[in-house]
């Protein structure tokens, strides 16, 4: 099974990268670009085939390593191959 | 010889290279602001080290799209010498003036230390004061210095003598083929990760980097 | 006396803003204000505060901003010398170094945030201290960092080390200021409460120093830098609150640093400072817009009117309370000369930074905010600052430890040396400082790894030496001796490279000051520091206090981190620890009694932490240091190392390692001699040609010296021991930290 | 309209960050984790309301700035609010 974890800054936390990308897009002449946020997308191959168990284990990975919940949120998507 | 240093928002080795270069040239070196699309006639354009745009998104990515880069690309096509150091090297690859790309260091950490680099081609405007194969001690200081290129690109660079410097014994960032610096095909553009301007003065603890600047003066004066 | 239940007195004419809670006792307590403090607020205002006002009082009167527990003692520190241009009280201290140049420097803590989010906590700590320095007109030229972590075995330590080091580097490297030194300690006392102390040193022209006193009634007050978001609201109060399990809930108060914006801010501010547009300037640090406005108004003896609607905001719907208390990073407040708005705006726009006129200087003596045209807070400035609480906390003197009895030598000296070099206390910190750009600006003359770092004063042949130090285990055993030792060691480190020590900054990290024994540690350390500063002519010009460093009632070791600067008048003559030649005579300078109490030897090899701290004989310290410095600046000695943690044999090994040259040592077969930590000592390698002069001079100056060896070969030998090769010593010394960190 | 751009390393480009995450997960005792890849997820607010035009514009942003096609692939997702 494949898991995709999207880690992003919590709302209200400054995202300097997103801010700089937004500025550069504007400088490049792209109009109508509002807020830009940059997050991480971590893709994992899991041996686990049970969706419930896989989600639980990935949640634990997020809490322990993949995200710092002080400033980041995470969202998990599971995909069967 | 006339030289200029381009200043991007977040460049931080602009002054360092300006000082080192003007010491070697014995005259002033002009600073050019990234937002200017006009640039006086010059024999050498230097893209300095630093964290332009904070190295956000990808190192060098945003600077490579600055207004001044259009002019620099045009000059480079006309054969004006362009030197990119560290972040400048990253900008040159992002702008397509040099092949390949610079990825985050294999160790995933910033690395600042003296490294030994070997001169792989001493027959260029940038390296004529060195011996072929000479090993230099020059500091690196970067987070994204892992050189990468597709196999066919790398082959072409090897055959074209485009590899300027290789790490001699200690590859600090996992660069492909130990590459520390490369030329364009015509040897008019050089990008390298080590900082010659930080080994240009006896008080730096070594002056091996000075030769690069002296080569340019010899070739372009 | 009855507790002043909020709401009990004079229901005010003052409107509470929509959706704001009533000011109940619970709300007051949540703001960390005591009942007495709240009563004072009622007196100052003559009415009840609204929520924003309460918030303003609470941050201004927090430990972090008001120094309420430490003020009385800080006033006792020596702060003056002929070369001090500005002592404590401004954003940073300013020292005249001659030739029209001034050095501006300060150290600050970012302990609590770094424990919660090590990368961002450390990064924003560096950002904050940089701002304190360039606010005053200096270009930052060197950063230092003093870090204390828990025991290596603690499950959190590795992750904290990795994050903090990456954060310090991530910020400093990006702004392009070399991080040239610092220190790292491990001790279980820091398991739940690490210390991240960052120091910045900047260089300015003596006639171009900027202060924070607002002046000129009607002058525009200008906001520059990043926009204000809901970052770190309550951060200042958090930094003063003891950790407990509720910490989890305080989490979102950690800020994310934006070093790129900081770099732009440095350049933009320095560009504007080259004009005559600025009347006063102040960074927004802890307690953001509130603290910066109030300090500027108070120092200038004026009032300040703010239009909250003009403050650049990153998020929609921010309340006045949030705008005033936000700790968003990379922001500054300035008072401009009338009419200078346009030239300032142009510069900040060029650097793509926010710029807004947010108010003006007034003659009312009041701090007044308006939003939507209505007054939303109105507080008299003077009492907001002057009436801030000041406590003489009860304290008890730390009990003197029993002297150390006889100890058994656990192993052969050379084996002990190898064990010590390969342990957490004394192993090389290369893994740390190679992650810091220490050569950017191309003026670094001596990089990390030595006694003091040296940076060239740009464009000259003079240098600045910088060092930080503190030995917390001494401070715990004997606060007074420890406080003196920390100052003396910094002085010694600067001296060991040949620099003339000028002044220090401090970062006083302690536990809960409401506990008399902790307050006793604080007082003891201050008294020791004071004595050393006096004896060494080494005044305190800036500093910072961090209290409540406790978790579950377990306090950190008392840690008064000291950062010092010194000047080298000729970079042609300085020393470092590297041996440079074969056949130099190794001289030990200073008295050796073999003091093993509180030593690393005891701690690491015998697992003991008893005995007295080594005493600092301040007159010998000065005599020995002046002797050493003269030898260096006169060109007789270029290889010198001061003796500290680990004692003589460790220092000798470090000199051999740095120079890649071996050393044959001889002396008594006594652990105290080789590993004792007696103070005021140096090792120098003297060329044979200079030996006579050095010895004669030592005799004249009544400085104790003894010959302990000769340089040469590729190994270290002690008496008749089996030699250890330099390569093997290097392996010991370099392996522990990378090995520990790789073992994720 | 909201656009999400997923930028990931091309096959054949080393992803040290992904590798390090995989190693750390294993050290933390998570079993059965195979390949791990870390990419970027950039979220943009667009004023454009026409999906076709939005996609075209985001594609151009990717080619011009958001991805370095020497080393990276990108994928675009559009989301109506």
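Letters A, B, C and D mark the chains in the order given here, with residues in each chain numbered from 1 onward.
The criterion applied here is as follows: contacts are C-beta pairs under 8 Å (C-beta built on N, C-alpha and C of every residue); 3 or more make two chains touch, one makes a residue touch a chain.
Bear in mind the structure is a predicted one, so any value in this text is a computation, not a measurement.
Novice: Once the contact rule is applied, which chains count as partners of both chain C and chain D?
Specialist: A, B
Novice: In terms of C-beta pairs in contact, which of A-B and A-C ranks higher?
Specialist: It is A-C, judged by the count of C-beta pairs in contact.
Novice: Could you please state the distance in Å, as a whole number, between where the Cα atoms of chain A are centred and where those of chain C are centred?
Specialist: Once rounded, the distance between the two centres reads 36 Å.
Novice: So the centre of each chain is just the mean of its C-alpha atoms; given that, what is the distance between chain A and chain D in Å?
Specialist: About 10 Å separates the centre of chain A from that of chain D.
Novice: Between chain B and chain D, what is the gap in Å from one C-alpha centre to the other?
Specialist: 29
Novice: What are the residues of chain D that contact at least two other chains?
Specialist: 24, 40, 64-66
Novice: Do you know which chain B residues sit against two or more other chains?
Specialist: 53-54, 56-57, 62, 65, in rising order.
Novice: Of all the residues in chain C, which ones touch at least 2 other chains?
Specialist: If we look for residues of chain C contacting two or more partner chains, we find 258, 260-261, 352.
Novice: Considering the complex alone, what residue numbers of chain B touch chain D?
Specialist: Per the stated touch rule, the residues are 57-58, 61-62, 65, 93-94, 100-101, 103-108, 146, 148-150, 174.
Novice: Quick one: in the complex, what on chain A touches chain B?
Specialist: 16-17, 20-21, 24, 27-28, 38
Novice: Sort out for me which residues of chain D touch chain B in the complex.
Specialist: 13-14, 16-17, 20, 40, 64-66, 68, 70-71
Novice: In the complex of these two chains, what residues of chain C are touching chain B?
Specialist: Going by the criterion above, the answer is residues 166, 169-170, 173-176, 258-261, 263-264, 350-352, 433-442, 444-445, 456, 571.
Novice: Residues of chain B touching chain A in their complex?
Specialist: Answer in residue numbers: 53-54, 56-57, 62, 65.
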